[in-house]
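Down below are the structures I want you to see.
Each of the next two complexes has chain A plus one more chain, namely chain B in the first and chain C in the second.
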Partner chain A sequence: MNAADLEVEVRRLVALILKLPADATDMRRSDVAEWDSLKHMEIVFALEDRYHVQFDESEFAAMTSSSAIAALLQPRLET
Partner chain B sequence: MRGHAFALRPVTTADAAFIVDLRSAQGLFLNRGARSEVAQREWIERYFERSDDYYFVVCRNADGEAEGLAGMYDVDDIAQDAEWGRFILRSGSSAAVETALLVYRCAFDAMGLQRIHCRTLIDNVQVVAFHDSCGLARRDRPVVIEHDGQQCEAIEHRLSRAGWPAVRERLDRVASRVAAASRR
Partner chain C sequence: MRAEWQPRLFGIPDRAALAECVADWPVRDIRVRVHRNHGFEPVASAAAPYAAWNSLAIQWSIGMYDDSLSGELHGDADVDVVWLDTARLTGLADGEMAPWLVSRLRQMREQTANPIVVLAWPLAADARESLERAPLTAIHFPDLDAMANALGPRWLDMRAESISGTRLSNRACLLVAGELACRWLPACVLPPIKCIALDLDGTLYAGVLGEDGATAVDLTEAHRMLQECIAAMRRNGVLLALVSRNDRADVDALFAQRHDFPLRLDDFSAVEITWEEKSVALARVATQMRIGLDAIAFVDDNPGELASVASSGPVVTVHAGDDACLTAVALDHVAGMFRWHTTREDVLRDTDLRMSVARATLAAAGASADDYMRSLRPRLEYHVGAIGDVARVADLVRKTNQFNLALTRMSEVDIVRRLERHSGNVVTIALADRLSDSGIIAALVGSCDGDTLHVEEIVVSCRALGRRLEDVMLTRALQLMAEGRAPTQVVFVVQQGARNSPAREWVARYSGNDSLPASCRIAIPIARVAVRTPSTAIVETVRYGETIA
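Here is the complex of A and B:
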């Protein structure tokens, strides 16, 4: 999967968990009230389950937007 | 009170500097409180005199490192109710879910309360959303609270003993996975 397609998929998954319409542009945690600390963890674990990957706790805070998440995810899918 | 990855331990006067530093750096939506370590120590000494107030440091089980703070206060033994708050974590902490879980375990399982509530400034939208996501019920109208000497609107969330099992299950599921990630 190329980076652009992955970013769209991540955006859809984030929107689904936040119960929001999927934006056409990057979703930033700081701009989305619904993206709270519990939903953030649900997003992380949904990504782990969907893509069969694992994130370290130290990476959670870096997941500040749908594009940042896709950037963290992409290298794991290439290995 | 020990959880999967984090624990609550009682605040001591030795935590004064940590409290001042954390609240100064992150506490936009909290009352400003003590501004120096000395003033915070004095506040803690007065806090020790109050029997209806519990102030905790959130710390990591692995190494005891302090992650944040939470409190339960105005504990009413007759009404079996309390408020919780003073909730603040270091930037980037993943302890939020387990902190809430531990506070509720403390309230319902250890202290046998019937209900607990929290009041969040209306502009603190992600913490308001957090309590919604945890499954707490919102009071239908905002309440007015004093914040740094000013009257401000806040959202009150409530959790009853009857609602606690469903909230516990939701929070425990997430907290256990956070703990697994912290061990990687």
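Here is the complex of A and C:
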């Protein structure tokens, strides 16, 4: 999957967990009130289930937007 | 669409796939208060699709973190859930956990009559045993330790604890969410499923009987497991029905020749082998079993059949997909399939139902009332103040739709509270005859205030109706309620429901009224219940229950 497609897919998944319509542009945690810490963990869990990966605890804080998440995911999916 | 959800709900857990499941059909709300000392939100968010698959929506009211469980209960709810990580209770020494939790639950019980589901983990075996033995009414302790053992190291995930507030993993939270929404909460508030109606081809085996033949249809390992699960459900009191488009001779040959099938033709209390619409066949099954369509779970491999059945009535449908193991898991997660306890009456139901045909034949033979009684030799056992029967009384009050006078749906706790005030406030009636033992088939719940005996609820199981015993047994039960007290009148609380005309017609006739308003109280002089002329063929005994300390 190329980076652009992955970013769209991640954006869709983030919106799904937050129960929001998927944005056409990057979703940033700082801009979305619904994206609180509990929802953040749900997003992490949903990503792990969907892509069969596991994030390190130290990466949770770096997942500040749908594009940042996609960037973290991309190398894992290539291996 | 429900069929499409099944692999997502009961296959490999995937929180993203669950989030995509949003119901577009009507759902019934269940209001749940959560008392917790660790994060519950990852469970609550995952429970929605499991609930929606069962046409339910859970309205959570999640309290603040509270290790002492001492918070006051706010707002209305149908069920209370205690969500406890006992490792956080560092002030309790070994052996103190169970007594402490019992004392907290007793305090909670003083504030609410709701069923309480206690999800406490980890619990030592002796602590669990103490909790299960404690005299706590309508408080249930699902075994999370068994679930933790089954998941092994995947039960915990320390990465998320500081954020989600729980050390339970995503996998553990999804598992608990499914059990809560499909099994534990529905078992607290919904009537149980009484019948599983099963298709044959593609459901109980792979293949088509009419084309492949009895010996060639394939009982795969997964289908064997499904049949074994269904056989176990039958042993726990769920009735089975066969509803299949086939030729009867082929079906007879199938069960005669396939000795490897765990299910036998005789296991089915109703057999509808017909080319008619399955909704029509299911309606006949419901009539034969004297149950509502909403008490039937129908399993079929054809989504079109399921959709047709679902659109014609309130039957719950389960899709038998390619993986029969998944079908078994889905069936086990139909709301109302799980029960907190199996009563003796559940197990007796199948035989009792089969004997009803013989009773109907006797009644139709036109014998006199006395000859009819002599042919059946009924034995009625009244139990006054039966604390041990409270669960069964609550079952009857919750499940009975036809002979249910006030439709109070009162809880186990409500019933115990009446018993605590006076043992005569609750009387049960057990029935047996020469054909079968029906167990406890009726209950009366009420209270006596001055000169008035208030009858708040009378329920009679549909299995006992039509045996010409209502007047005799209910009059005797009313006498027993009045015993030792001095009422001058009996007041019946009467409500109109969708299907309780048998109870309303009985009380109208019994009280000498031609018709009744939808909601009313009917008073009759106590002298009316002093008159009773039971057939000499009826044997009656009375037991008095244990008193409550």
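Basically, the second predicted complex is superposed on the first by the 79 of 79 C-alpha atoms of A that agree within 3 Å, B and C clash if a C-alpha of one lies under 4 Å from a C-alpha of the other, contacts with A are read in each partner's own complex, and residues count from 1 in each chain.
Methods note: a residue touches a chain if its C-beta (ideal position, glycine included) is under 8 Å from a C-beta of that chain, and two chains touch if they have at least 3 such contacts.
No experiment lies behind these values; they were computed from the predicted model shown.
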| item | value |
| --- | --- |
| Touched partner set for A:49, first chain B, second chain C, both or neither | second |
| Partner chain in contact with A:77 - chain B first, chain C second, else both or neither | neither |
| Partner chain(s) touched by A:38 [first = chain B, second = chain C, both, neither] | both |
| First, second, both or neither for A:57, with chain B first and chain C second | both |
| Touching partner for A:3 - first (chain B), second (chain C), both, neither | neither |
| On chain A, positions contacted by chain B and by chain C | 37-38, 41-42, 44-45, 55-57, 60 |
| Chain A to chain B touching residues, read off their complex | 33-39, 41-42, 44-45, 54-57, 60-61 |
| Footprint of chain C on chain A - complex, ascending | 13, 16-17, 37-38, 40-42, 44-50, 55-57, 60 |
| Chain B residues touching chain A - in the complex, by the definition given at the top | 91-94, 96-97, 125-130, 132-134, 171, 174, 177-178, 181-182, 184 |
| Residues of chain C defined as touching chain A within the complex | 13-17, 19-20, 39, 41-42, 45, 159-160, 163-165, 170 |
